[in-house]
Structure formats: C-alpha cells, structure tokens
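Before I ask anything, here is the structure I am working with.
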Amino acid sequence: MTQISFLFVLEMLGTAAFAISGALAAARKGMDIFGFFVLALMPAVGGGTMRDVILDRHPVFWIDDVRYVAVALAAAVVVYFSFYRPGGRQRVLIWMDAMGLALFATLATRICLEFETGATVAVMLGVASAVTGGMIRDIICNEIPLILTREIYATAAFVSSVTFVALDYFGIDSRISLSLAVLAGFAVRGLSIVFDWTLPAAKPRS
Amino acid sequence: MTQISFLFVLEMLGTAAFAISGALAAARKGMDIFGFFVLALMPAVGGGTMRDVILDRHPVFWIDDVRYVAVALAAAVVVYFSFYRPGGRQRVLIWMDAMGLALFATLATRICLEFETGATVAVMLGVASAVTGGMIRDIICNEIPLILTREIYATAAFVSSVTFVALDYFGIDSRISLSLAVLAGFAVRGLSIVFDWTLPAAKPRS
Amino acid sequence: MTQISFLFVLEMLGTAAFAISGALAAARKGMDIFGFFVLALMPAVGGGTMRDVILDRHPVFWIDDVRYVAVALAAAVVVYFSFYRPGGRQRVLIWMDAMGLALFATLATRICLEFETGATVAVMLGVASAVTGGMIRDIICNEIPLILTREIYATAAFVSSVTFVALDYFGIDSRISLSLAVLAGFAVRGLSIVFDWTLPAAKPRS
C-alpha cells in the first residue's frame, strides 16, 4: 500500500510536470482554455498511452482512473490563470519537461520490467515513452523538439532507465531505486541545461 | 436497424469530409494520386484508429468493413479530378474539417460511453479522436495545425462531445441527441470561422 | 524453416536500412549517440509497431525478439562512427529509405494477408506501415517528409504491396513473390530518384 502510494505520487508529479509544459506551450501560442486542455493532455498521457498499447496493457492507465486526466486538466487551468513573465515561460517549460522526462523514463521502465520484457526492451520502451510525450507537444506546436537541441536529452532518459534496471536487478527496495533513478536522470538533464553540456556529436569528416 | 443506418450515414459523412480535407491538402502540395490516397486516409481513419486501439476495440473499425476505406479513396479520386479555383481550396478544407470535427467528436464520444469509460474520459477521448485526424494531416503537410489557429477549434469538439453526453444522460433518443450534438459543435466552429470568433487567450502579464 | 529464414533476412535488411536513414538524419542534426539511437529506432520499428497494434498482433514484433532492436542500434553505432562526406549523406538517406520502403511495404502486406484482412485493407495497411516510419523520422527532424516530395514515393509502396497481393493470389512460391514485390517497388522508387520521375499532380485549374 505504501509502495503503491509512493509510485502514485511519482506518477502524479510526472503527469503534472508534463501537463504544465504542454500548457506553457499553449500559452506561447495564445490558445484558448480548451486548447490548453488538449496541449496539456497530449504530453501528460501520450507517452504512457503508447507504452500501454504496445505492451497490450489494458485498459490504458487513465481510462479507469480519472485522476490522471484530472491532474492534467487542473495543471492546465492553473497555468491558464497564473501570472508569469513572458521571458520566463520557455525556461519553466524546459524544467518541467526535464522533471517529466526523468519521472516517466523511470516509471515506464518499471512497468516494462513488470511485464517481463527483458532489460534491453525495457530500456528502449522506457526511453521511448518518456521522450514521446514531449515530442508530440513540440511537433503539434511546430517547435523544434527538445530532443533535437544540442543539449543532453535522450541521454538523461537513458540514465534514469538504466539506473532503475541496475538497481532493480540487485534487488534494491523499489522506493530507493525509483528515487535514485529519477534523481540521476534529472541531474544529468538539469546539469546539461545549467552548464549547456553536450555530448560529442558525429561531425562531418571529409 | 434504422438507428444503425443513421449512425452509419453520420460515420460516412465524417469519413468523406475528413478525406476531402486531406485530399485538398495533398492538392495544395502538388502530390500524385497515391499521395492523395495516403493524405485522405490519414485524417479519415487516423483519429478513430487511435480511439479503437486505446479502447482495445478490435478489430479496428475499418479492418472488417471496407466501406470506410472505399469512401475515403473515392473522395480522394473526386478531389483529384475535380475542378477548383486555387483560392477556394483552403476555404473548402477548413469547412470540411469543421464537418469532420463535429461528426467525429460526437461519434467517438458515443462509442466511449458504450464502452462505459465514464463521462470525463468519454469527453476527453472523444475530443482527442476528433482533433487527431486533422492534426496528423496538417503535421504531415508541414502546415500550422488548425488547432493552433486563434479561431475556436478544440472548443467546438468539446461542445459536440459534452452536448451528446448530456442528452444521452437524459435518455434522449439517440438520433436526436446525435444530430443536436453534431449541429451544436458545427455551429460553434462555423460561427467562429465566419465571424472570426476567438475565446480569450492567456495573455502575457508583466 | 528456410522460408522463415528468408523472411527474417528481409526483415533485418528493412530494419537496418530504415535505422541507417534515421541515424543519418540524426547526424545531420548534430545529435549525440543516444539521439542516434532514438532517431534510428523510430523509423526502424515505428511503422511495424503501428501495424501490429492495429492488427492486435501481440506481443508487438520487437518485444520478444531483441534482434530487431539490436540491429537498429548497431546500425546507429556504425553510422555514428563511420566516415562520410557531408554532401553524400542526404543521398544515402534517400536510398536507404527507398530500400526500407519497398521491404516494409511487402512484408507488412504479407502479414496483413496472413491475418486475413482482405486485399484492400492489406494494401492500405501495408502502404501505411511502410510510409509511417519515414514520416515519423522526418517530422521529428522538422524536415519535409519524403512523401511530400514531387518524386514518386507512396506509389512505390503501392507497387510493392499490390505486386505481392497479386503473386500471392496466384499461389506463387513466397520467396519468389516476396523478392519480386520488393524489387518492383524498389525499381519504381529508384528510377524516380535517378530520373527525377513524377506522376501527374492535380494542377490548379481556373
């Protein structure tokens, strides 16, 4: 019960973070409240929906538990009515996206392992679920997806996912392994935002 | 039987309307006939496919009934061979999209209620199914998705969806509730196109 | 067994070809190695995943057989460390995409027929599976999807798909029908690239 609650708190944090990032994107585009709802829901439940459909995990997580949708809509309403400095929006969007990224990479990897997909597929589908929500948001908004920025992005999701697989393999208590995996990915992404870190890119050689 | 027929007519209307909107987008991009087919099918069956996959409603609606695909392909052929004024295309696309939007929001909401998803999820998935087809069309074509225009868009889908949920709750005959829900959403979207209505957007405040 | 092996070889070729096209797109965007992985996997398994989910074919093909993901990741690593001339990249991407397109259109059509979807739906879903992977790659990268170029594209997938349906209908040995279908589609696409062929597009008439 306690463990389920802890998991649930992480899920709600990820949902809210990605919903806020979607609502901020809607704000930048000058959309109305229903546009906020759509743009908040897409990243908040899009990646997890893809994961559940691929794993044939039915019903999809938000169908029978209205709290996921409710949290996302509430986040959209809060952003809609909140005061903000125009310049600060993009910055907040990026940090909310970073939180959602680390949380969803970890949580999706956990669900894959529970479905006994094997570690390789768990990491791959965990990362894919985490990056898909944000990509949908950015593609709808006609923005360059964050994954294409020169900052470390997919790498952070990989760090969360691999950390969880490793700690889980060694039988670490799930609350600890979940927390460490989220923190590891968030730290990598956060440091890359703050210090403008990049991994070496393949460079043209002639 | 009569009711099924009425439903089927609405489904075919929505399929044709969205297929025409896709074919018109293909015409604008100067694509060949097979490009027309792909661009017509994506909005015509894309949103409903997502809905069925999420609801685990198998087989997906167009797999066992070839009429959906046939209507969409026929619509593409008609647009391909039809005469049109270059300037009129975008206008017709927007109106066909409006028709598909109201029809699919209503019909998808009805299917969700039949699957007993609860009203909140039915509205959310109904709206998502209705807006997804058009977004796929616009994203493939590298156009600004209509949902991002300042006109009322997602709102119209919400109006159709909520109207149907309300009338269905009060046990209104389904032909009447379907018709009223479609008309309500189409009216809201149509008036917003004609009079350039917008809902208040979240404005930057400093 | 031999037949399964032959099928498997075609599948691996298609997976590698599309993975290489995705990795080349990642190279053009200057992404790091994890970005290469994501961009290689999306076209390599994206279209087939959509096909399996729509057909309710579970588990999705790459979940229980890690070789698909492994081949795609290996292709990404090879591209990442390979030498290339900057100008040659786009050309190689287009040819790898052509190979993946013909292979996946044929293979997806075969799977649809095996699921007894009927010929119309098999062709439609075969073509859709083949073009979806490349579209995801191009949309993420903010490039004009190849399907929108004036060259013959969706047409080549249709040629592969229809050729396979026809040969299969006449009971031709599957290794022969698979090979001919792949070659036919690849030839059409290849010739259109080399000779800049286009089908007549719908032209504005006033």
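Labels A, B and C are assigned to the chains in the order they are written; within every chain, residues are numbered from 1.
Definition applied: a residue touches a chain if its C-beta (ideal position, glycine included) is under 8 Å from a C-beta of that chain, and two chains touch if they have at least 3 such contacts.
Computed from a predicted structure; not experimentally measured.
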Can we say the copies chain A and chain B touch using the same residue numbers, with more than half in common, or are the two sides different? different
Suppose a student superposes the Cα atoms of chain B on chain C; what rotation angle should they report, nearest 5 degrees? 120
Quick one: chain A and chain B, Cα centre-to-centre, how many Å? 29
Going by residue number, chain C touches two or more other chains at 53, 139
Please name which positions on chain B make contact with chain C in the complex. 26-27, 29-38, 41, 49, 53, 58-60, 62-63, 66, 69-70, 79-81, 83-86, 139-142
Please give the residue numbers of chain B that touch chain A in the complex, ascending. 53-56, 117-118, 120-121, 124, 127-128, 131, 135, 139, 144-145, 147-148, 150, 152-155, 157-158, 198-206
